[in-house]
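There are two complexes below, and they share subunit A, which is joined by subunit B in the first and by subunit C in the second.
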Partner chain A sequence: MSTSTILSIRNLSISFKNEISEQLAVNNINLDMKRSQTTAIVGESGSGKSVTAYAMMQLIQPPGKITSGEIIFSPAQQDSFDILQLNDNSPALYDLRGGLMSMIFQEPMTALSPVHTIGNQIMEAILTHQAIPKQAAFDLAAAMLERVGIQNSRERMHQYPFEFSGGMRQRVMIAMALVCQPQILICDEPTTALDVTIQAEILALLKELKATIDISVLFITHDLAVVAQIADQVIVMNQGRILETGSVRQILNDPIHPYSQGLIAAVPGMKRQPRLDAISNDSTRHNYGVHPLIAIKGDREVALPMPLIPAEYQL
Partner chain B sequence: MGTYILKRLLAMIPTLIIISVVVFILIQLPPGDIISASLASLQQQGMEVSTEQIAALRAQYNLDLPMPMQYLHWILNFVQGDMGYSIKYEQPVNTLIWERLGYTIIIAVASLLFTWVLAIPIGVYSAVKQYSVGDYLFTVIGLLGLATPSFMLALILMYCAYTWFGISVGGLFSPEYADSDWSFARFVDLLNHIWIPMIVLGTAGTASIMRVMRANLLDELGKPYVVTARAKGVRPLKLIFKYPVRIAINPFISTIGWLLPTLISGEAIVSIVLNLPTTGPLLLQALLSQDMFLAGSFLMLLSILTVFGMLLSDILLAAVDPRIRYE
Partner chain C sequence: MTTRNLLEVTNLSVKFPLLKRGLLSKQVGEFTAVDQVSFEVQRGSVLGIVGESGSGKTTLVRAILRAIEPSSGSVLFQGNDGAVDLCQLTHKQLMPLRTQMQMIFQDPFASLNPRMKVADIIAEPLVIHHPEQHLQHRQQVIKMLERVGLEADSLHRFPHAFSGGQRQRIGIARALILNPSLVICDEAVSALDVSVQAQVLNLLADLQEEMNLTYIFVAHDLNVVHHFCERALVMYRGAVVESGPVDQIFTSPQHDYTKLLLSAIPSLDPDIKLAPLDRNSLDLG
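Right, the complex of A and B next:
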């Protein structure tokens, strides 16, 4: 498996501005996604994880604005380019959206248009990117629905989203995202709105698809249990900054940054236990301070001043 | 769907029966009737009318019968398509109404088209380019249109057309075509006249529909399914019209049915100012002069159109929104 970088974000800052103030949602971050791997971004609400993903497809709407940085995308068999340099009307941007890169959203109940059939919406994804006859697009879409575990796909193509359950809708979203064979799949909290059993089914499906399709996945979540199941690489974000990166085993078993440690300590277990520690936002802001990411042993990075990094990790 | 429509149609029958009773009571409520009203004016002119003559007149119009019988006479004739005789105009109500209804429908449809063709695109533009110069400009114009009374606008337009272009724009036809048979020239003459009522009646509606469209669309633009479509790579123009506009327009489609009753009652004042041969002024006259058959027929027609309009709205809404269709 090649471990080259498929996407690298450099010095990305995104701000949301209103009349009174300007809020940096993403503050000068750098990250790399490895080809054919699953990279998870973990963080609490407002940490900037979703906004980062939206920036990758230039989906940020005013008042949000990308103030600086570049996102270098290196698709297979193509020259790499900076996504942020693409003009609003450039054909390359529309090839990218849904073609080279696609996205699954948090709310399957509202992410599909209520007045168009499932078939219509999946076929639209195909016909936007491929010049093929409608019948061929229909066959392709139906096959993709079977692939994500929806039976009687030909009949179900004619149904509307409200005739599907939440889990089924998320399967439809996955089918729609994968039908054009993108190279990067962004999953923006795809299981957050589902109940636990459906969540497990969707994760199993994603893993199964990931094993058969060569695709790089960016998985955004706040759920560390999900991270443990699906991720190869983990990026911990807070307050618009990256605090720590590393492999899933490194981060979950051996977190270095106090915030990562706090996150993992805050996962409730099955056993009766004393009150969980809260991660205080004040402490994240003041006690940790703002530090650049430093490379440490084991191909990891952590945003701590050198003296606070245990000696055995220092390079 | 078929059984649903059938059920609704059957449910209309009791509704309309109740409405007809209420209408009948309403038109009987004011003291006196058309006979006593015309008698009063005759006596003022110094004419002597004998009590026998009065009784004969009352008998002719069934006014001497007890109320329930009067009602039955009226409603049974109405159901058979005979709406009675207008004492004031001395013509059968049928001729009076049908002649005017045609013109009323033409004007209403024309002004409706004018409204929609103008208001929907402007509303879409205002929402997509929210807070742009164009949005503010249209908002100001729209609010001006909303605040200007229609009859005022009618007067201004008539004045301008007359002083600057020398054309008389009252009515729907020039005098030479007023009573002639239909021909191409008469049709062109109609087109020359219809634009003023179209603009006058359309302007007020344009402003409000524009604002509602803008608000509806702004709501829809932020919905997740719009982001999904953007993430699919759908081009902006296609995206806006296929998804959010398609949904934002639903409330308007469902109001088409409500417009039916306004075909009859709508804009009486404008019609009077513009001297239009529509039903509005006639309805007003009928109510003023207690012309009971004419007024009653109008009110019944209004009610029937309202009830049918509601059904039409529901059917249209079901046609455009699958969520309603499948319930």
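Right, the complex of A and C next:
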């Protein structure tokens, strides 16, 4: 593994089992996250993108189960290790969650506790991971809130989540996630619940933070326009499989996989057209998902059945 | 009122009382959620209403249906028996008119009763408005299901067994079963993934043609409005700041708030960087 890879997932499978059937939410995927870059996972609901991210922090709850694979994490100035080998109550896992790696969720209202003040919740994150006095933690938290664009942070530390608007709550989430200076930040659809103007503000904030802090970001979304604005690398997922990986320009300007092409065509554009090209479920499930081969050209990968693979690609 | 217009809204305002906290709460002021809004909707057209959350879009459309009582103004509706001002009617007088205007809601999870089967959900408007024809209800429900692209075996299942897009189809079937002329879509596709959103938008467009519907389409996604609507209103803090054909709004926005909204749309091209205007530097009135 090269030093520029901060996280590498190998042959990961996650299944959800009920009385009747077993569903593979993630089906034998491989992916690499490059250090200090933004990697985006795109896909519809049910494609396994969130589950993959949850597995990175060992947050898969029963009936979900990681059936195989490894997630190799190589933090800076530390030896790399397999996250999936960590014991449930090992100190290394506590360090990982919120310390080395943290997460921003889609719905800030449900991710924040309604009965604790904002300050309390951010300080909890700090005090869990650092042995510093409470006053220092308070100062640190207030400075972080200021950093993410919340004014009067010292007064606002004493307020509850319901006193904040949706965009402000998401800023609080970002502050909470970044306060322990993690090396990987996972953003699970952080702007999906927001208005377009607020979304633009949050994206601008994330970009600005990314430029000043050395951090690797995993960005999960179904909105390709957001991907275009924020990502370096793009991974297209569907039905638990990775269909295509490449740089943001490769995927958006020249998608190879028919499913990626469909996703892009389904975005209502600024040019008017009578009908949108919706993706029909049958086409993805039956034609592309079964027995694909992985073809590679340079740093681009695509999973397709044999007849559909472009000639310049190698298996 | 010309017969070409299905709906004419004039100076519609909705005010909510601001109450002092306490046991004997006293009214200390008023909050104007919708402020003197006027517009008209032509029969067979699609009017978009855009604005950020809190701008009064939903309050406006609910006030049109009298789901929220408007404080002042008039809503002239061209019903099957001539034009009426919805604001002047009693609830009893409104009942027969309600069959002609229906609503599709944003959240396909919250807007369907989890304890009712799909057949009962879709039939409920019929049970309320046409109880005397109960023998034909089932037939109508099956026809409607087919029309919105759901299998007939969906009838006896509960909403939890369906995906978000399918649930939205159930909501659409419920809204259209009474054969309304005006359908209000309140963020009907906002909660859906882009590919499912495309399917639902296509379905709404097909149904409009087949059933000769008029839509009022509330959304905060400007691309969707641009794709789907012919005219649009831009709302900010309860007031309409700009209105006109969507192409005109998108190519030459007049109001600063419209410019702000347009500048916040991320482009699909990674080389076109998002550069939202600064809210504080604009004259938003």
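Please note the rule applied: the second predicted complex is superposed on the first by the 299 of 315 C-alpha atoms of A that agree within 3 Å, B and C clash if a C-alpha of one lies under 4 Å from a C-alpha of the other, contacts with A are read in each partner's own complex, and residues count from 1 in each chain.
Operating definition for what follows: contacts are C-beta pairs under 8 Å (C-beta built on N, C-alpha and C of every residue); 3 or more make two chains touch, one makes a residue touch a chain.
It should be emphasised that the depicted structure is a prediction, and the values quoted were computed from it without experimental measurement.
After superposition on subunit A, the partners subunit B and subunit C are seen to fit next to each other with no clash. Shared-chain residue A:E163: touches subunit B; no touch with subunit C.
After superposition on the shared chain, subunit A has more residues touched by C, the comparison being subunit B against subunit C. Legend: residue contacts after superposition of the two complexes on their common chain; A:M103 is shown touching subunit B, with no touch to subunit C.
Touch criterion not met for A:A40: it reaches neither subunit B nor subunit C. Of the two partner chains, subunit B is the only one that A:A111 touches; subunit C does not reach it. In the superposition on chain A, contact of A:Q229 is made with subunit C only, not with subunit B. Rounded in steps of 10, the angle subunit B-subunit A-subunit C defined by Cα centres in the superposition reads 70°. In the superposed pair of complexes, A:D95 makes contact with subunit B only, with no contact to subunit C.
Once the two complexes are overlaid on the shared chain, A:A125 sits against subunit B while remaining clear of subunit C.
Contacts of A:I60 after superposition: neither subunit B nor subunit C is touched.
Here the smallest spacing between CA atoms of subunit B and those of subunit C, following superposition, is 5 Å. Interface residues of subunit B, counted against subunit A in their complex, comprise 223-225, 227-235, 242-243, 246-247, 320-323, 326.
On the side of subunit A, the complex with subunit B involves touching residues 57, 59, 94-99, 102-103, 105, 107, 110-116, 124-125, 128-129, 160, 162-163, 173, 176.
In the complex of the two chains, the subunit C residues touching subunit A come out as 52-53, 163-164, 193-199, 201-202, 205, 220-224, 226-228, 247, 250, 260-261, 263-271, 273-274, 276, 279. In the complex of the two chains, the subunit A residues touching subunit C come out as 44-46, 166, 195-201, 203-204, 222-226, 228-229, 231, 248-249, 252-253, 262-264, 266-270, 272-279.
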